[in-house]
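Two complexes, one shared chain (chain A), two partners (chain B, chain C).
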Partner chain A sequence: MKVLMKGNEALSEAAIRAGATLYFGYPITPQNEVGEYMSRRLPTIPGGAYIQAETEVASINMVYGAVSTGRRAMTSSSSPGISLMMEGISYLAGAELPAVVVSIMRGGPGLGNINPEQADYFQATKGGGHGSYRMIVLAPASVQEMTDLTVLAFDLADKYRNPVMVIADGNLGQMMEPVELKDSYPNNYDHSAWALTGAKGRKGHTITSIYLDADEMEDYIHKLYRKYGEIERVETRHEEFLTQDADVVIVAYGIVSRVVRSAVELLRAEGIKAGMVRPITLWPYPKAVLRKLAETATFFLACEMSMGQMVEDVQLSVEGRRPVYFYGRSGGNVPTPAEVVAAVRQRM
Partner chain B sequence: MIRLGPRLTVISGAFGTGKTEIAINLALQLHAEGRDPVTLVDLDIVNLYFRSRQKAYELEQLGIRVISSVEGMENADLPALSPEINACFDRKDGPVVFDLGGSDLGGTVAAYLHRGFASEPSHHWLVVNPYRPFNQTAEATVEMAERIAARARLPITGMIANPHLINETTPEIIREGLARVREVTRYPLMYLSVMEEFYVPGAFDDLGVPVMVISKQMKQPWEPGGIMMAGRRGKRCP
Partner chain C sequence: MQKVFERPKSLNDRPFHYCPGCGHGIVHRMIAEAIDELGLQDRTVFISPVGCSVFAYWYFETDNVQAAHGRAPAVGTGIKRANPDSIVISYQGDGDLASSGTAEIIHAAARGENFTVIFINNAIYGMTGGQMAPTTLVGQATSTSPYGRDPKFAGYPIHVSEMLATLKAPRYIERTSLNNVANLTRTKRAIKKALDMQNKGEGFTFVEVLAPCPTNWGLDPNESIDWMESNLIPEYPLGVYRDVKTAEVKS
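Take a look at the complex of A and B:
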């Protein structure tokens, strides 16, 4: 049976049903429903624990410790809080630990405001933390996807022993839609080869990201990058909407894709052949589909709730074959379908 | 026709049960019935997304008074309430609908206005949507309701059943949901609310409860008539 849930509640329940029993976090709007939900639900689950940490730095390091034992654990925050977690995310990637981090973006930079934005795209996909690492980044566009992609995030984290971020904006976190959840999701990865479970009757395991010797460090980084290459080959996900005959390809993710879908329908009604590509994985980025569409489309328009961040990945994908334009709003303003239609017409 | 005895009506409920939709619709219907001046008071300090004040411009154009946070603080998640709120107790000139924030935390704000509520009778109507996570059983609904009432220092005097799954609502969903709301026997059922797109005249007559037909107010930005999340510029333009 369907339930009516906010995005923040839905992803929390999905995490629990995917086997997450441990949550560590620090409050920040507009993602407080995650912590609130977890604080109600986790103490009722065998082995479950909710801890309100003293900071986001503490939260992410508690996640590091928890997932080192092979348990499914997560944290969540919003923009300034995610900034504080970046060191820990680099450590998780460096130690090859499976963790899920939920980022519900708000306005910025600095203290900004608590309205929805998508201006943490660079932070999520281009490092954010230090060193040569990659994080898988999933971008839901509906409350149902908040649940589905959270379940996927735990699976990918375990499959690749890598941190995975579910990234959405405040509007998606707060809005309500009907969702369907399964009672439980598979959670049967074997962590026995590396997890810290008490070295009774076996040699101890070590979880670390320190490699003092230059060659050892380089070999380890190469190993990580072979894994990232595999992720790029296997895990890239996107959705296309009316792209087959499209002259104009609009690229948008998350909540903006909902606006763009309406805009594409309006443009089609005017006889303009528009289509949309919606990246579901922001890293790895669906470059191949955009490169292919560059053979038939006249131009691309990236739409974001930022001053233009993902647009750079569209440009990299299209490789100069076609013009790539940008339309964005910021400060917490969500673009309307009419604005997107006007932005397309202006470039015709 | 809205059955109002007392002039003051407080709308409360768990998060996301439809308090704001009901409160705005109640104010609009009272206005349509000529019970002016109608006042809508937004007491939601819990969450700034999808609040009554985002409809303030439209409502004020109709002549409905909207009182919310301190001017200029609409987008701060601070417990900043307009001092004008006290005036609705003093004016005694027309119906006032209070949109309380979600859950027991939201109820605290009504307690802050206790002196006003003590000065004249009021309704305290609980909105229940059994398709929401914390309204799924009668026990959970009553437990939350009693926490709200205790925090608000206002006993609950009635319930509005608001069973829906937004755009996936069907007559069956409404009927099944109403049956589940009726499992809560502690409070009298005042209304069944039905969104206008799912309302068929006469179709719910056998249910034995007055139907309040409501129009969706808190629309997503991509829907026609959708509300803008933030900017003051947007607020000034209709």
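Take a look at the complex of A and C:
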């Protein structure tokens, strides 16, 4: 049965039904519905806990502690708050802990504003925190996907013992759409080999990310990167729309992909063979798909609510074979289909 | 033949990496003894901080986790809320707890998190090489206060036990010292009392231990004890700062 839900509330309910009954967070617009929803629901669930942390720094470290016990836990925030979590995300990656972070992007830099943007792409996909690590980044484009990809985020986190970010913008967090939720989602990963549950009848477990010796540290980083390589091979996800015969390939993720879908239809009506690639995983990025399309397409256009961040991954994927253009809006402005059509026509 | 002294079960057979005269090894042993005496070994999760005791997990035969600088009380909150049956020990130095981690310690205490914090105060940064700490005494020379801590520029030492004692939720706060046998005994008793209270679910417990750091004080171990008695203890008076019955905390 479909119900009408706000994106932020839908992802919260999905997380709970996936067994994530521990939530730690700090208020920030435009994601406050997540914490408010969790504060209503979790105290009524056996074993559930909600804490309004003192800072986002504390939130992510509470998640670090909670997931160390082998249970599912999450936090959420928006751009300035996500900046504060970067240290903790690096530690989660370094200690190989499964955790889910929801990022509902707003305008920036600095305090910016509370309007939707996609300007935290670099922060999410290119590090953000310190050191050699990767975080899996999932980008929903609808309220339904806010739930589906949140559930997937917990599965991938558990499967790879790695932090996973669900990244959306203020639009997706605030908008209401019909959504279908299952009563529950599987949560049966066995973490008994490493979880901190007390050394009863076994040797103590240790969770750490410090390796003083250069060779030991390098070996550990290589081990992490073998895992990241496996994630790139197995977990890259994307959607294509009318790309088979496309001369013009527009690349967009999240809410912008819905605008671009309309633009592609308008262009097709004008006889311009346009298509769209929508990355669903921002890391790993669907490089191979774009590289293949570079053999047949005339040019690419990356469309974002930023001054151009994902466009660099499009360029890296296309490897100079075809021109890659960019069209973006900032400050909370959402590109219209007409603007995207004009941006394509300008390059024809 | 009767064995009258042995290594606690909760401490493994590995020589401490600490400097001669350092307080960490002594407190590690006391914690392990208290865990054994209370029968808590198979439920304990020990949190190592950032600082000289970053490798405390080398020594404890329990579950262990290493936390980011200052964040141990937040990590402890996550562990305890996820598994209330565990015994959580957050072990932190004065740079970690009283500087980088002020927000985390104050709010864990204010929430009355049911875990135990062991706070090692030696008035200096150890691992990074003897820099000024928030707990450094006025006039104390360190590698970043080479002319002595000057209150005009660097303010005054932070008294963490006194600050936390202004909060309503903490169950037990005591400051002890490692300067003589009587105070060692008091320290062990305080640690055991704190863990016992946690085991009984009574709330937030905090033991501040004044400890010597001969290496970074530039003194030998005996001189360090003298310096503690003539300088450190007068600045940080020993004693129980809070010990309330659970019922009073709830009222």
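By our rule, the second predicted complex is superposed on the first by the 348 of 348 C-alpha atoms of A that agree within 3 Å, B and C clash if a C-alpha of one lies under 4 Å from a C-alpha of the other, contacts with A are read in each partner's own complex, and residues count from 1 in each chain.
What we mean here is this: a residue touches a chain if its C-beta (ideal position, glycine included) is under 8 Å from a C-beta of that chain, and two chains touch if they have at least 3 such contacts.
Bear in mind the structure is a predicted one, so any value in this text is a computation, not a measurement.
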Chain A as common anchor, with chain B and chain C clashing or fitting: fit
Partner chain(s) touched by A:Phe24 [first = chain B, second = chain C, both, neither]: second
Which of chain B and chain C A:Thr236 touches, first, second, both or neither: neither
Partner chain in contact with A:Glu87 - chain B first, chain C second, else both or neither: second
Contacts of A:Asn333 with chain B and chain C, given as first, second, both or neither: first
First, second, both or neither for A:Gln315, with chain B first and chain C second: neither
First (chain B), second (chain C), both or neither touched by A:Gly170: first
Spatial angle chain C-chain A-chain B, Cα centroids [nearest 10 degrees]: 100
Superposition-derived minimum Cα distance between chain C and chain B (Å): 25
Overlapping contact positions on chain A, where the chain C interface meets the chain B interface: none
Touch list for chain A against partner chain C, complex: 22, 24, 49, 51, 53-55, 57-59, 61-69, 71, 73, 87-88, 91, 95, 196-201, 203-210
Parts of chain C lying in touch with chain A, wherever the complex brings them together: 41-45, 48, 54-55, 57, 60-68, 71, 74-83, 85-87, 103-104, 106-107, 111
Of all residues in chain B, those that touch chain A in their complex: 15-16, 47-50, 75, 77, 129, 131-133, 136, 164-168, 220-222, 226, 228-231, 234
In the complex, chain A residues that touch chain B: 2-6, 9, 13, 29-30, 33, 37, 107, 113-116, 170-171, 174-178, 255, 258-259, 261-262, 331-337
